[in-house]
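Look at the two complexes coming up: subunit A is in both, with subunit B in one and subunit C in the other.
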Partner chain A sequence: MQIELGEKAVTSQRRLSDRESRVRLMKRKLYDRIARWVVAGGGFTIIASILAILLFILMEIAPLFRPAEVTEVNRSTVTALFTDTPEIGADIVALSIDENREVACLLSAGGVVQFISLKTWQLLESHLLPEIRGQKITSVWQSFKSDRFVLGTDHGLAVQLHIGYNARFFEGQRSYRPAINSGSTWPVAPSNERLTDVAFSGDPEESMIIAGISDKGRVHIFQQTKEASLFGEAEVDSAHYQLEQIWTGKPAAVAIDGTMRNLYMGSTDGKIYHWLLSPAAAPEFVTTTKAVSGDGGGITDLQFLLGGRTLIAADSNGGIGAWFLVRDSIGPAGWRLTKIRDLQTHVGSVVKLAPSARGKGFISADADGNLFLHHSTSGRFLAEFSTGAGIPVKALSFAPKANGALTLAADGKLTHWNVDNPHPEASVKSFFGKVWYEGYEEPEYVWQSTGGTDEFEPKLSLVPLLFGSLKGTLYALVIAVPLAIFGALFTSQFMHPGLRNKIKPTVEIMAALPSVVLGFLGGLWLAPRIEIIIPALLLMAVVLPLLTLLVSALWKALPGRYRSNVRPGVESLVLVPVLLFGIWLSLQLNGFMETMLFAGDFRVWLYEQAGMSFDQRNALVVGLVMGFAIIPLIYTISEDAFSNVPGNLVSGSLALGATRWQTALKVVVPTAAAGIFSAVMIGLGRAVGETMIVLMATGNTPIMDWNIFNGFRTLSANIAVEIPEAPLGGTLYRVLFLAAMLLFVITFVVNTAAELVRQRLRRQFQKL
Partner chain B sequence: MTNVKQPIWETKEMINGMAKEQSIAGKKRPGLSAQGVSTLAQANAEQPALKTENWFFSYGQDWAIKDITLEVPTKQVTAFIGPSGCGKSTLLRCFNRLNDLIAGARFQGQIYAEGTNIYDRDLDVTDLRKRIGMVFQKSNPFPKSIYENVAYGPRISGIKKSGDLDEIVERSLRQAALWDEVKDRLDSTALGLSGGQQQRLCIARTIAVEPQVVLMDEPCSALDPIASAKIEELILELKKDYTIVIVTHNMQQAARVSDLTAYLWLGQLIEFNKTGLIFTNPKEKLTEDYISGRFG
Partner chain C sequence: MSKRNFLAETVNRLMLACSLLFLLAPAIAPAQQKPVVDSKIAVYQKVSGISGSLNSIGSDTMNNLMTYWGEAFAKYYPNIQLQVEGKGSSTAPPALIAGTAQFGPMSRKMKATEVDGFEKAFGYKPTALRTSLDALAVYVNKDNPVSGLSLLQVDAIFAKTRSGGYEKDIKAWGELGLGGDWANKPISLYGRNSASGTYGYFKKHALFKGDYKDTVKEQPGSASVVQGVAKDRYGIGYSGIGYITSGVRAVPLSKKADGELATASMENVMKGKYPLARFLYLYINKEPGKPLSPLVREFLRFVFSKEGQEIVVKDGYLPLPFKVVQEELARLEGTN
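Moving on to the complex of A and B:
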């Protein structure tokens, strides 16, 4: 009877719930599905946004490594341009282009200056240089912007020429009133000598030097010095020198540097000769260097890059080298012309070099009509273009904004090029390798992104910044890791639970302090104080551990009946006054220590004894402040790791008669090792990415020096410092993104490593 | 006491208070001799292995152990039985002062190990725990090798010579009937052993420090019948050398392995007698109800 009832009850319940249960099941499935989609959607959104950030950064970086693009805008021929005067078209010797690349200037050997429109190839204006009358221009020196010329004639004269394009706006239209300005002529060589190359440096109104090579194989120097007398009347002196023929081969090219103190001459047998110039005395020969590798090659052109320090020497074997003076104690002048790097070699002889007016780039042209775009600092070969196979390049001009070029081939083909070359100074080597910069004695890692002048050579090595990040992180970890881990071990294993419940949240609140506040405190409050108590700090490192040991020994010696009156886990509070006393004592002894050990001034002593400089905002301050910032992070994670060690392991160890210290060290620490490792790694990740503290508490000097009393600059602080100076889309802007990418990669790798190790060890201890 | 999180130092004050109370009452605590320091090594072998006198223990609020007085004889197996929450494990943990770790614990009364008051303030707890070892309900080998698990106790007691350690490890593992199963893999992790093997390893680890008493807190509750049988065999074997106190839920186990059985109920000792008598002829109605399965 009972059984029957039971069955009936079961069946009726089943029948009753049949439809309902299906509805319920569907509902549950629906909810389950919704929940799954929401959770999965959230997860995917996070991954997608991280990937999107990564993609964005990569897109900002990518243009850095793209080669330059040189494309033809349009072309014409001199025969088409000069149908009426073919003789002018046939002997064009120099080209110039205006900064908007709308008007060009063609200079013929007969002294005719023709302005043409680059859009329509129509003649705009024509001028005749009166100074050239009856002569022929046989050589040309032109300034970086191709607006100033010094023309050498077949009568040994040098003629000054200045071109003005005079662009003006009227009702949204740009029009040009080109004008020329000439007049000064200087007798550089005797009138029966033809000048085959001229070089110029200085200012025609002030002091200047002109060097010229004549067809007789002589090198002439014309020097003009202007000295303002006390009464405002200027006195102009000029001098003429003919260099002693010490060279072998024939002089082929001359160049004078920006300081007007060094003259270089390249010969047809491949040597560069160096003379020192001085305003009052005759040129003094210094030395000669073989500049062409291989036999039979001769120098074809010498040109200074913007800034007048790097000399580019091109030769008939197609080789191009970058040279500059490097300090040399052995050499006669204290400086020695040194080959810094080789640039992309041409197959044929290099005939012309055109330096850029923006940075350390230049174009080289060879006898086969090939043109290469180079950058000296990065050593990059950026682009290649051709005016026509087998036809030599006759004249070449690099646009003032380095965004275009005008070439004239020997067959009269005139081509206007567009040069898209946004980041010539960027290369893997210039970011991560040692680069030999102008004025440096050897290749170095340097970060110096901007300078005061246009002639500045940007130094974009990320290595000092990586070093800074590492240094800051290391010093912060050195201070934070022992404090945080031992603190966590103490709180979790020894401290009384009541106290632990208060201490842990307190330490966690430390993490809530904004890093800008910490940085501010570190840089403005702590740094000046630390500076004067270095001897006391050193003393503390000795006194505090000794005092701790002493008190512990005394405590142990105390009979148990007194000890047991103190709550277990709070006995360490006894240390607080002792340590405070130790700190006070060390501070009191600061002056005494400084006098006794450091001859009265620690900073002077440090410099004299160890050769180490002392910055007020140094790695020690950063270590302390950033250590303070990452202590809560490491502390919390490792405290959790210690507390998560199964209680039965601790009991098991204690039940074997182990002391709490033995238990902590031999059971708790090994078991929690994974957690501690990930705590340190996460702390490291935080320290690497930390910005405000290092920004405010270091001097932000990008130097590579482990000295704890020196500052440094980290990748993150560098981004913060330089962003205001980085124009959107510029090289610096993209390099800062590259720095961001590096930071991203470092933290990603560190955190992933931490997570992997943690999971591996967790699996290992899962059975506990 | 209403505060659950009553910290442990209260116990100390309580002891002081109690000592005063007791002295007012004219009772003198035998353990607190005038000399103060007393060690277990000096203890008289004639004394019972463990003895409690009017023992009260609390985790903070109510007494979990109420007024228990009993004597555990040397080199015999004493079993504590009783329903869940009756205080048998608590009492066991009082014997090696593992309850010290719990915040808010307090106590009243005395426990003697071979005549020494183990709650004496001058007593070295680590020394006590070396003398009174413990095996836990859930096997808890350290995440180290089998060898290191057994050698852990001797090592922390200061034995460093590897020859001595090898000898102790082998002897302990043989005594725990584990040697033949693990002798070829002493260096592999203890976590790779089966549950029964792990528990026997914990027993080996406990006896490696040569305690006088081995406390076992439901050592077989997480094991299958075959593994349990091995542990029971082992207990009977160990009885020759050690005093064993075992807490068990399993009355058949108590009947099989113990010489004496104590029945606890709601923190009180209801009955304590020879095992045979408890299971065949209990004096108390409560005992009879429990062993006949009417509750528990």
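Moving on to the complex of A and C:
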């Protein structure tokens, strides 16, 4: 038949004219070419898309590592601004900028408050503070947003000042009606003492503390507490203390923390003194610490960063250190002031510090006119700018949105700077290194990206997330790999073909279950059950293999006539009821086991004996569920690999007298090694990137602990959890992209390594 | 556990799982008597010519509240549709900035950085309206005998930083004075995900701005926190009072270490005795000097009406005092 048909075809072909055949050939070539273009085009599109995604991710990440940029917007001089009143211009003591950086406020020692436009450098309004009359402002404390001031005078008085810029909108245009609000004065020191530094903490309407250093080398403290009753009447209590002169050198700077419980004083011989404050009692001296490295340096300024916890100490040697209280069981106060890190050192003496009102950044200025922009958490030195070489900085203000600054140099040059610093908290160290965060006892890897307040210090370590991804993957592989590979080996080598044809599609159907369903089942159905039957699970690990061995031995002992009734490759079905019995037995013994081994309660036993906590949604649940999800993948690929081992090899081995088990282990497995390896790797890739299962079946706790009864948080679940709250273009947003990049790199490396190994193994066994 | 029991248990759990699917099922009101809406608050007056669709993206705590308001509002104006999405307060600012929602319900105030983002896009600040009061409750399992907690203890339970100043970490129920079989049971912590305003508020006020322990299980919604505690005998968690169920108990709290314990009742919130009372906000984009669109304005008027505030009570939260309602209505009409 076949030959006849062939002949017919040949004759019909011969009948075609030359032209027709040429057309046919051309058509064929054309189709061929189109097909080639489509295939190649498809391939290139895929590569291009992957590269484009990679490029996009890289573009989102890149700004994280870009340094900050500080550029000059415009400048003027106080002589140009105050042509009529040069004496005011000559003794400006403090600066402030409004949050839109359109209006600035200059405060002179004589108590004149001048509002100027930063666009035109024109004087807008001028006020005289009545409380200052006849005095001079000798020291200034200003709030983070530079809108609240406490002014220390040469008559020992502290004066409260509030600046309001009052931006208004009309027809889409912004206009300002600046206003000042002063009035409260507090006698901090006797009127014959000049206050050389003041510090403030609290709220003038409620409780507050003012500390002042006088030119006589004394430190005064003024405390005021208001107890508001239900009917709106307030009871005012005030107290005045003068600190005992226990210091060496002279007091140079004071600072009070946000809790109003700790007072720090820096001295000219480079020490920081710490007192505990309390509303009802006199200050209590705690300890003193040497804060300046090198000899002869003294503290020049102490400032708290936003949140009132991190103390920045600047010294005359140019050093800048970040300090905060660390829990200390030995110390008298339970806390110890500890130097957390050193920041970029100035060459000259540091004269001023200006903390940011957005996060843990600050600007430091030195006597040579150099200004540095720092970030405390990341320890980053972000930018450097200068008001003019050799001329000291006299006054400095960080804009309320931390996007600009205003500086006044000793030569009267007033400069408005633009600060472009979108991601100060990002650094390789803050993502991958241990960082010592405020209030922590030691440097740690922590992921806690968001807080409810502005002063929250974001903790952006990716290490706990990487750890979580590894932990989840590992537990899933531990469960899935042996089951899937041995299952595949059994089905391909020992099982009856009829049975195999049913088993394989069944396992593959498992892969069709959406992971969100698996996660839901794992988290809500499986986790509470697993919690009760942990002892039974442990028992199963012993009982099931034992029962299997027992039944196999019994089967062997069975007389041949019974055994020959069962088709070879189907006998394993005998195990099904046996295993079910084993599971049932273990479950029945659960309570007994728990009482015998775990003193009646596994969770308590674990906590008391091993110090491990037990979470309902833990790595065991994820391992089981994610293992379930990747079993079909590993199973199918390795089953294919086993089945593709050439039949002549297997037959040859069997013919030479090897048993089926020997053949499987010595011939089939090595030959299929490349396939098994890639199966495991593909399973691993799936497990690393799996999101929904880990999202729903773990508590998403970013802990670093291999404990199988604890949860974890993976890179992928973290992206899913946090991307809705991440503001577009913000640091968190970009860090989440960095996490995505990491995932990409991990899977890329794993897949490439897998492919290389697979190719090598294949070449090795091709000779067979 | 006998077989029959196991079956009953399975059915029970299945039903619980189902009820989780229907998160919108109204929460069972606390046992104490319901707060009453101030009679001075005016009844809503219908106006004509209102139609269109509204979107709300933000707080999960206010999810039910927004939905109820939307449903009741639609009874006046059948052509109105309100879509409510509640994944957490932190999702509100991005949605308002992108213009995908007219309403951003938030259970905390916007942070300065969030306000910055909004101001950058529109040139003016967003408007925050106080819509109702919530007593953020600390829940324990209904079987838990603990009589009350001070905020310092709450801090030591949930935080690793202990900024409140409690002397030692609290890990087991025995450390809170519970005896019997509770003494050596470890405390299992439930909390909200970081997008949640409740997470932020609790961190600021109960943890004294400290940091959560890493072992706090972060749940995507208030209902899952309550459900987690209801199913975990040794659990403790926090959520708005509107989510209370019969499986959990709201623990009375005190501000100071040995202060007077206060339950999360209307009376205690009003008197300032309950330490975790807060406003629930609705953020809107209102250009200064320009009136709101009629649709948005009417919805907000409805929220601040007698009916709107009765819905607040129905959902388990606390209604506004008349004075606050007046202030907020004035801001709606005002040109600032």
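Throughout what follows, the second predicted complex is superposed on the first by the 729 of 768 C-alpha atoms of A that agree within 3 Å, B and C clash if a C-alpha of one lies under 4 Å from a C-alpha of the other, contacts with A are read in each partner's own complex, and residues count from 1 in each chain.
The rule we apply is simple: a residue touches a chain if its C-beta (ideal position, glycine included) is under 8 Å from a C-beta of that chain, and two chains touch if they have at least 3 such contacts.
Just so we're clear, the structure is a prediction, and the values are computed from it rather than from any experiment.
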Are subunit B and subunit C a fit on subunit A, or do they clash, once the structures share the same frame?
-> fit
Which superposed partner A:21 touches (first subunit B, second subunit C, both, neither) | neither
Applying the touch criterion given at the start, work out whether A:439 contacts subunit B, subunit C, both or neither, answering first, second, both or neither.
-> second
First (subunit B), second (subunit C), both or neither: which does A:122 touch?
-> neither
Using the touch definition from the top, say if A:448 reaches subunit B (first), subunit C (second), both or neither.
-> second
What is the value, to the nearest 10 degrees, of the angle subtended at the Cα centroid of subunit A by the Cα centroids of subunit B and subunit C?
-> 110
Would you sort A:658 into first (subunit B), second (subunit C), both or neither based on which partner it touches?
-> first
First (subunit B), second (subunit C), both or neither touched by A:71 | neither
Which partner does A:248 reach: the first (subunit B), the second (subunit C), both, or neither?
-> neither
Of the two partners subunit B and subunit C, more of subunit A gets touched by chain C
Which partner does A:498 reach: the first (subunit B), the second (subunit C), both, or neither?
-> first
Aligned on chain A, what is the least Cα gap between subunit B and subunit C? Give it in whole Å.
-> 40
Which parts of subunit A are touched by subunit B and by subunit C alike?
-> none
In the complex formed with subunit C, which residues of subunit A make contact?
-> 168-172, 174, 230, 307, 327, 334, 357-358, 401, 437, 439-440, 446, 448-456, 459, 464, 524-525, 528, 532, 591, 603-604, 607-608, 613-617, 699-703, 710-711, 721-722, 724-728, 730
Please name which positions on subunit B make contact with subunit A in the complex.
-> 5, 7-9, 12, 36, 96, 98, 101, 103, 121-123, 126-130, 133-134, 136, 138, 140-144, 152-153, 156-157, 191, 202, 205-206, 209
Interface with subunit B, subunit A side, in the complex: residues 496-498, 559-561, 564-568, 646, 648-649, 651-659, 662, 666-667, 670-671, 764-765, 767-768
For the subunit C and subunit A complex, residues of the former touching the latter | 1, 13, 17, 20, 87-88, 90-91, 93-94, 97-98, 108, 111-114, 116-117, 123-124, 160-163, 167, 172, 184-186, 188, 193-195, 197, 199-204, 209-212, 214-218, 220, 231-232, 234, 271-272, 287-289
